[in-house]
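Shared between the two complexes below is subunit A, which has subunit B as its partner in the first and subunit C in the second.
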Partner chain A sequence: MGEALSPAAKADSAASTAPHRRVRHPGTVQVLATGIPLLLLAAAAVAAPWLPIPDAGAIDLGSSLSPPVWADGGGWDHVLGTDQLGRDLGARLLWGARLTLLIAFSSTILGAIVGTTLGMLAGYVRGWTDFAISRVIDAQLAIPFLLLAITIMTARGQSVGAIVAVLAIIGWAQYARVIRSEVLTLRSRPFILGLQIAGASPARIIFRHVLPNIADTLLVLATLQVGYVILAESALSFIGLGVTSPDISWGAMLADGRELMTSAWWLVAFPGLAITLVVVLISLLGDGLKARYDPRAGAR
Partner chain B sequence: MSGAEPLLDVRGLCVECDDPLGKIIPVEDLSFALAAGDIVGLVGESGSGKTTVLRGLTGQLDANCRVIGGSVSFRGQEVLTRQASHLDRIRGSEVGVIFQNAMTSLNPVLKVKTQINEMLRAHDTIPHDQRPQWMRQQLAQLGFLDPDRVLGSYPHQLSGGMAQRVAIAVATCCRPSIVFADECTTALDVTVQAEVVRLMRDLAEQQGTALLFITHDLALVAELCTRVIVLYGGKVVESGTIDQVMQAPHHPYTRALLDAVPLFAERRRLVGIAGLPPVVREGFSGCRFAERCERAVAECRAGAIPWTTLGPGHGYLCIRPLEAGAF
Partner chain C sequence: MTAAPSSNVTAHGRREIPALGRFIAARAAGGLLTLLLALTIAFFLARAAGDPARQMLGSLASDQAVAALNRQLGYDRPLPVQYVSFIGDTLTGNFGESLRYSRANLALILDRFPATLQLTAAALLIAIVVGGLLGLLSALRQGSLLDRIANLGTLVLLSLPLFWLGLMLAELFAVRFQLLPAGGYGEFRHLILPAVTLSGYVLGQIARLTRASMISVLREPYIALARAHGIGATRIAFVHALRNAALPVVTLIGVQSGMLMSGAVTVEFVFAWPGIGLLTTDAVLARDVPLVQALVVFGAIMFVAINLVVDLAYAAIDPRIRAPRHG
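Right, the complex of A and B next:
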């Protein structure tokens, strides 16, 4: 291929320098700006037992319902105020974050694994497998969330494991449905056909070639799902089916504070804010990660 | 065709597809043979069944389609009745496919390196530790100046021509004895097209690869191929060597296709073919081209048209053929 170089061959020296140019990846700032606060929160939640904060369970009726430090009657002893039993709200929020985040992440991951696997299987294999999985998805989506939760909680007892299971069961169908339709369009793409003709095994095609292509969808879905699951867990705890005393979650705190909402606004405002903030941060993190790590993003 | 045993021998291939309105026969009674080093053009307009032929031959028909007749033998061994595992082995190491759009025939989220490696991995032709070296050589042969950079790139970082050459590398890295090229130059501009054509010819001449070149571009076929098969409505309407078919077409459809090729030197009007190819359903009889043919008479629609053989691999499917040399 020595001296007689075609135009196409000449072009590649210029075009292929592109991947090596130093450019700031899109989304880096967003990932850092949302990821760092979330990491700090998670680290603080994990380290809560060793942090110099008031005991979250210590009852002090003398200082019950004291407002946050900046309001009238507030003090530095309890920066975010106290609840009706005089327990420090800040400490409770941090302890609540432990269970809230644990439940949210484990049920999201569990739901994602089950849903994605079934969705890819249905979309790739088609035929009876697809029919069976699709009908189960339809059935799952038709079952009301609360009914399912009540049934499982009464049957299995109220435990963290049961809550995670309920939330995962509610979540998987969503993944399966979206992933299935993504895979349906992917499997007819020529590169998949090429691999099939080359004799690559279905498992290899699914996990090595299909999965990376749906990773961005999966990421966006999962981040939306984390938010949804946090809200669902709060709702469960709010109606008394979720985390129960002495365990703390943000939803349970909301439920505890609702009767005093008019006189002690901080009881619901801070857990509510915490939920909102985390859900928003996770959604933004998902967007940022997609922009940052999707190899196709650079082409747009 | 030389007297040698053909690599691929297709006889009477029939494909049938289910359709809400009844059964469709997209390919009927297709026969051809490919020997080592052959470059055969399979020509037809959109909807004439070219891609279905490819899918039928490689065992990748859609779920609602199936092969209902004929035989496909590879090196003398029947492959249509083989079990899937056997077919996989033959397909993988002996058959490569190059698709129309390079951008969609490469996985957008994997590096070139990974994709070629996947092909090498699918059938252990090259030992693991020699693969990087092998990949570099392959790309260098395809005219890349900096194989390492290309290997480390994602498809979207390549230009269209580069991506098509990478697709050729993926299809041919295992030294297949047969390559099916499905409209693989259609999406490229002419300079890159010329380059790809040159690569294909090298492949056939230097490595003895048999090439089935599926296209609607007769000019390209004339330049690249040794033989041509003209497909219409899923049936072969004419076949022969390039000279036989191009110089003296017998079937009016071939004539019409040739008239639809722009020739600037001759300054003649470009003649199109009115209408679309028919969707052939079960029970169809008569000439498929009759609706669009100006020479058609009542007999053309009446019953099955016999194949007229003029020589080995040379013949046509018409009862009112054009006179040889009647331009």
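Right, the complex of A and C next:
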């Protein structure tokens, strides 16, 4: 059992039990082992139009619903099988990754900007500002995310822009909450007091001195958030309120494949596997970043 | 015997019962404030940013029809007026009327509520029992094969779309092996697949938190003392450590109730479970904006209420919480 440990797991367990034997940057291996596949996937998704793969939109009714290569009736033409219109599932997965990842990244960044700004403000200014922002954070977190998304989308209509905005609205409170408490502790450090005495303006202190100090936390948080956003997008698309045809995302593919699942399981199995795999990798990347940047993480 | 100044003053001079009453009142007031703000957020995001009547009627409807529906729903009034009447209606229990069913939204929701309550309660039970046990055993056998499998398993559970898990379980157990029904309601066997599916995410969360919490509690000096007294490992784990390790898990359950409600929407959709989640997806497909809005209000009320109960339960278990803070 002990020999079966992956290098990343080894570094982790060493960090948790014996800090003095810790390698200089625990988590580095894990960051690379998960970050590189994710980067490759993102690169492949961006480059999809120029890759030598079947055309994701090419309709070929002759090879409709052909199963993956290893199943009976499958062939190497369509390694992961085809949908009801004979379109190649593998190619569609890669094209779906484009929108899935685009939505995930943009809404994560948007949510991070709003949430971090409000969180820093609340933690730094304190008093009534903090009270007001904290109450709004609580209120935001009190609305089940899917219900909130549904309210906005039914009233507003569907578009990729609306999906990004909705997911950012769902996500900002998480950043604000964590960053606020981080800044509250940071604020009592002597160097902040020194800057205040030296006459630095609050805006300068917040953006030039507080922000760099919470960057590590923010990076870890945003990484993990990308995973949540991918899951939220898939749920939204699945109930018909997210990405809709002819656009494709992994969630939309699951929604399309559902009706045909009993005759073509691969239409549902592979998009779901893709989501799960990517979110698992993102979680591990987040954990690796935490171990690498947060010295306290090892002690827990 | 001299008359005591007050019968409920403790040795520390603190009035015990009034302190608890104040605690409950403060929490209830905080919950109400949170709820009001949540309703405000939901209202402005839906009304101010959108054009609900246009969404309901579709892009082909005439402008007159849209204007008429706006008038019927009161969406043509100035926003502040709409806001005040929305909050007033909600506080007096008026959740509006569904366009599709022509019935009071609240009646529709309450009709469906028992099914959702049954499903979420079963899911939570599975999550607590299986997740708690998994976390406990992982903590006691750190680094063992079981610990690693549990770690990987919970990671996957936290990373997959719940509705996809439901689809796969339905495919496997209902279509391939024909062991359980993939849809339907009323009998126990109908509950199994939806409840197992819905428990997934929370089960993973509970297992991970229980493990972490157990490990930190087992490092406490009082555990070493118990060990030194010759108390068996099993008794220490279940009697001495678990009680304290369970505290953060209680809070987690409150926080995760929102996750359960969101999960119930897609899981009920997959298994055609006739609860609030299915009502939600039906309302979405019919673009029944008043019903969707009532469902959000209901969801927020449930979340705040559950967390209030969890807070109070927490205070009942852990007296440190209700002690007034100084400074």
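As a convention for this text, the second predicted complex is superposed on the first by the 255 of 300 C-alpha atoms of A that agree within 3 Å, B and C clash if a C-alpha of one lies under 4 Å from a C-alpha of the other, contacts with A are read in each partner's own complex, and residues count from 1 in each chain.
By our rule, a residue touches a chain if its C-beta (ideal position, glycine included) is under 8 Å from a C-beta of that chain, and two chains touch if they have at least 3 such contacts.
Not measured: the values here are computed from a predicted model.
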| Looking at the overlay, what does A:Leu40 touch: subunit B (first), subunit C (second), both, or neither? | neither
| message | Once chain A of both complexes is superposed, is A:Ile113 in touch with subunit B (first), subunit C (second), both, or neither? | response | neither
| query | Which partner does A:Ile59 reach: the first (subunit B), the second (subunit C), both, or neither? | reply | neither
| request: Applying the touch criterion given at the start, work out whether A:Arg156 contacts subunit B, subunit C, both or neither, answering first, second, both or neither. | output: second
| Which holds for A:Pro190: it touches subunit B only (first), subunit C only (second), both, or neither? | first
| request: Scan A:Ala198 for contacts with subunit B and subunit C and give back first, second, both or neither. | output: first
| request: Kindly classify A:Pro144 by the partners it touches after superposition: subunit B alone (first), subunit C alone (second), both, or neither? | output: second
| field | Most subunit A residues touched (candidates subunit B, subunit C) | value | C
| query | On subunit A, what residues does subunit B touch that subunit C touches as well? | reply | 1, 9, 13
| Touching residues on subunit C, where the partner in the complex is subunit A | 33-38, 40-42, 45-47, 49-52, 54-55, 143-145, 148, 155-156, 158-164, 167-168, 171, 175, 212, 216, 258-259, 261-262, 265-266, 269, 280-281, 283-285, 287, 289, 292-293, 295-296, 299-300, 303-304, 307
| Touching residues (chain side subunit A, partner subunit C) in the complex | 1-2, 9, 13, 135-136, 138-148, 150-157, 169, 227, 231, 234-235, 238-241, 251, 254, 258, 261-262, 265, 268-269, 271-272, 275-276, 279-280, 283-284, 300
| message | Quick check on the complex: what are the subunit B residues that touch subunit A? | response | 58, 60, 63, 88-89, 91-93, 95-97, 99-101, 104-110, 115, 118-119, 122-123, 140-141, 143-146, 149-150, 152-154, 156-159, 161-162, 165, 170-171, 174, 191-192, 194-195, 198
| task | Report the residues of subunit A in contact with subunit B in the complex, numbered from low to high. | result | 1, 5-13, 15-20, 126-127, 189-191, 193-200, 204, 208-209, 212-213, 215, 294-296, 298-299
